[in-house]
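In the two complexes below, chain A is the common chain; its partner is chain B in one and chain C in the other.
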Partner chain A sequence: MAHCERASKPLLQCLQKASTRGLPALQLSSTRAFQTSARVQEEAQSEAQKQPFNKSPDPALVSSPRLERRLIRQGISPVGSRRRRAALQGSANIPFAQLPYQCFQEARKVLLQDREEKLEEITRLREKIARLEARPTEEAGGEQVKKSRLGGMQKHLEHLKVLADINDPQVKKKFEDGQGDMSKPIYRYLADQKWREYRRKILVQRITQMKVVPDVLPHCDPIVDTKLYFNRSAVQPGDFVQANASTTAPKLDIQLFEGGEKLVTIAVVDPDVPNLETDSFDFRTHYLAVNVPISAISTKVDLAQLSADSQVVLPWEAPVTQKGSPYHRLSLFILEQKDSQPLDFAAVKAKESVRDNQLLRTLQGRYHLKAIGAHLFRSQWDETTLEVMEKIGFPLADVELRRKKIDPLPYKRRNPSTFR
Partner chain B sequence: MRPLSPVLASLANVFRIPISQTLARPAIGHLNAQPGPVTAAAQPAAARTFSSTNALFKRKGGLKTDRRITLIRYFLHHPLTPRPLRFSRTRYLRHWTIHRAWQLFQNQQRRTQTLELERQWHAMNDACEELRTGAGDGGRLFRKSMNKRGVFRDMFPIEYGRLQTETPAQEGWNHGWVRPERR
Partner chain C sequence: MLQSRFLTPMRLLERAIAPSLRSSQSLTRSSTITPSSILPRPISATPSPLSSRLLLPLSQVRHASHASQGAGNRHSRDPAGKRLGAKRSGGEYVVPGCIIFRQRGTKWFPGENCALGRDHTIYATEAGYVRYYLDPELHPDRKFIGVCFEKEGKLPTPRNAPSRRKLNRVAVPRIEIADESPARSDLTAHVGADGVVVASVDAATAAQGGPQLRPGYMYREANWQIGRAAEKAGITAKPYNSKNRWLAWRKRQARADRAAQMKSLKNKKKTKKGKGGR
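Now for the complex of A and B:
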């Protein structure tokens, strides 16, 4: 018998005795108390649970190693730790909202009443918005006034929707478990808060410290959470990526924290291509795709899977760094298209066919884009770069860059007579 | 030798009483890792060979740990220090629920108080305005009432004789109070 079983409640012993003797009635009544599901579901399940516990152990309650092994052999893994399962066997398993603590119940009453008030306010505000929308523009005080009033009311409505649910412990628990439904405003709000707490700070720090923000774009205020994956492994903002890992286009996970769908342009720009003639650095566009739909629910974007005849303007080009050149910053920008209107793909494709020295600032001005997300990775010369260069036919694969040696100034005697 | 109880051991440690060779908990000298003469002698020679500090560094005096850090470590690891407060998941959620409800309740209370004050201020404002325009004496009464001359000069409100508190004092007003004589 395991440790935790010995320590658990006497109900466990009762349970096991019952199961060995094959007393289905007691077995059934004790397991039913552990379930939080609805009554109807229990009735449906009761047929399957007629047999004793050791014949069909419950993965949420099993705690003896022998039964666990049997379950694992069947392909069902036990839920949680053995200690937790043993403790659950003896618990009354009351739903969280009905836990019999006076202060807790009083607090729930306060919160529920507040929620009722908020819901009332939401319905009132909705009616108000509908009334304002129904009024003709002249009566409402002109186009501009009506628009600004409606905008303010919509904003307040979104705020109220968040406020109605923010005090719910079940919502908090669900969000912490990662089961939040992103189509609901409260979970989007919580996810946004969490992102802004740490990940966004890191991202902003990396893109500003590595000077991507003044180099590639003059300004970027990220409002979408972007994760980048090469071959299923996540890349932190600013990480060095091996050349052979980045031969295939990355996958993106773009989390939008607003409702509705947005059409975005995705561009990967390298501002560090060495130019030996001018002794400076050039830009190169490694990827450009337009009209990519993102929303709070559908977040995955595979850059290799986007359609070539309606989205991808410039397909992925593997980033390589020549030996001896400083590291290249590969900056990825997610730019929102104006009013989420699709761009004319054929026109864009005809115009943006050159990769070299294509400035993202120009594109931004030309198509009225706004940067809403960014990511960054770096590439440098490593042992796989040569191989990748040969594969993609990089022209200067056999060139190693060297720092120009500066001739020292002619010797001058120190401490000359003028110093004395 | 039977090990001491942790409380006794720590007391012995505080008062530097050499009761046992094997202390139940590290002494202050061990905590701040200063190679004092006593501890160095007490340590077996085998321990010194495994030291990762190089000899020159050690001869120079080693790393001086801040006294404050030593004290923090001492009290953190003291057996009488209570363990950190840990909640289970559900208990934390219950705690959070109560906390949020309390914050909400306080917020509502503050809001009602502010609104009440605002209402009172506006009522007084309206009354003054009525007095100024509606009394029919050209605003004379209003001007008289707004006059602050002599306020707190000739007479001082006795309520301000002591600090304003929410509840009355325990012994009420001390009528027998006289000003202490100054020498």
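Now for the complex of A and C:
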């Protein structure tokens, strides 16, 4: 008996007791013990040609680590926790509505009633919004008033949509199993909460501690979850990426938590290009693409696959760091275009043809962009940098940076006359 | 402690009244007056200021017992100064590593281009001009010391402005670091075409390393040969298994037992010594 199976034994005992008393119809199916052999026998009688479990394990029921690994290798991830999967192996998997617990059913009734109330409220609010929209502007008290009232009502409507489903155990289960439908507001809301709980905090900490936010852009409040992949391996915000891994453009997974589609501009900027003449650092744009559509359901963006004649302004340039130079921060920003209107690609391409010292602040002001997402990775000199430099024709490959020696302050007499 | 604190004002009072007492009473009696004797006396006993001032120079008698009070540990109460404080004032030019402020605890915090040392000393990390400033946006009640690149520059910089940095590097031709000669050890590693090949020292070196006169006037084998004695004898240790908690528990128990034994031995020695001393 596996560890998880032993752990879920009390649950099973509870189930057995309840079913023998409360629900005779389900007694047969729910009083089975954890021994899978009995079940296999039953099923063997019903359908003889069924494959054994260890040949084709069910992702919802598999509990042994070996079978789990096999599933993961096939590209199927097991559903939920191992403990839950082990418990489900022996249970009859009765739907919530038929579970034989009186208190549970009473509680469900309360939740269902609450949901009914919320749905009623939603229909009422929808009617109200329709009425307000139908009214002429003068009667509603001016354009500004009408607009603000409509905006407030829409916001409340979205809130009600979330409230209607937030207490549903089925919704919670689906979301936790990763089967949530992101086109529905409730799952978007839950995903947003989950992102804000940990991943967003990490991201914000990285971009502020590594000073990306005052250096590249004055301000950024991320509202989309961005994941970055180089060669199918995910990069955490702020990770060092090897030079040969970042020769090809990364793939992005941009999760929007709002309904509708947005057109965004994606820019990768390096604010750490050493400049020996001015003894400071320059900027360099490694990538720039405009009019990239993102939405809650279509999240994958491959920077290498974007169309060169309508989206990519500056194609990907592999980041390399000279030997001895401080590490380079490659900051990726996702900037929302104003009112999700497409930018004039030809005009942008004509204007933004220079990579060096192109400030993202300037672009932001010029095209009325707003930063809604960010990511960050770093690059430094490593063993693969040299070959990448040769491949891309980096001009300063044979130059190394050394720390400049700063002259010490002149010697000061320890016992000057003022001390005496 | 409490009593003595209570008595100090009384002592002062006594000092003030003593002359007047002396004027009224005999000198011998006034010198023996103790604070306790003065306690119940009403405050109205304070003499007129004129008479006391007249008699003051006469009454300044400091006896030896009184003068030496507290002199024994005066220096421990008032230790030598630690030379803390500002070493560079605002606007002064500093270079990296230059100490700007010595302090106990963080009276001042390191601001831009400054760092905090092990003993909270603030030193410069860039060459520039020292600034002492407040940064209410960063922290409402901290005082900061920063280094500014320009002589007339101002700190703090606005929160949204890009940070001002200096490269402080020079370009030199890149030099390939040649492979260092392999370190001498009993196991030699060569990076070949098919990965790293690890082998023992060759026979010639091994033969050379027999018992010889070695540092410390000892005729013995080389350290690396001694180190491989167990291997030669064919003694193998069990591979460590982190899941073998039973073995781990036994080992921990053995160590605890040994520690307890050592402790008891130590105590025994102490007691014996004490007895011997008597």
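Note that in this section the second predicted complex is superposed on the first by the 313 of 420 C-alpha atoms of A that agree within 3 Å, B and C clash if a C-alpha of one lies under 4 Å from a C-alpha of the other, contacts with A are read in each partner's own complex, and residues count from 1 in each chain.
By our rule, a contact is a pair of C-beta atoms (placed from the backbone, for glycine too) under 8 Å apart; a residue touches a chain by one contact, two chains touch by 3 or more.
As the structure is a prediction and not an experimental result, all values here were calculated from the model.
In the superposed model, A:K404 lies in contact with chain C only, and not with chain B. By the document's definition of touching, of the two partners only chain B reaches A:C103; chain C does not. Of the two partner chains, neither chain B nor chain C is touched by A:R414. In the superposition on chain A, A:K211 contacts chain C only, with no contact to chain B. Of the two partners chain B and chain C, it is C that touches the larger number of chain A residues. When the two structures are aligned on the shared chain, A:R73 is found in touch with neither chain B nor chain C. Within the superposed three-chain model, A:F281 lies in touch with chain C and out of touch with chain B [touch as defined at top].
Looking at the complex, you find that chain C touches chain A at residues 93-96, 98, 127, 159-175.
Every residue of chain A that touches chain C in the complex is listed here, in rising order: 211, 214-216, 218-219, 271, 274-276, 279-281, 323-325, 396-404, 406-409.
Residues 89-90, 93-94, 96-98, 100-102, 104-105, 108 of chain B are the ones that touch chain A when the two sit in their complex. Across the complex, chain A meets chain B through its residues 96, 99, 101, 103-104, 106-108, 110-111, 114, 167, 169, 172-173.
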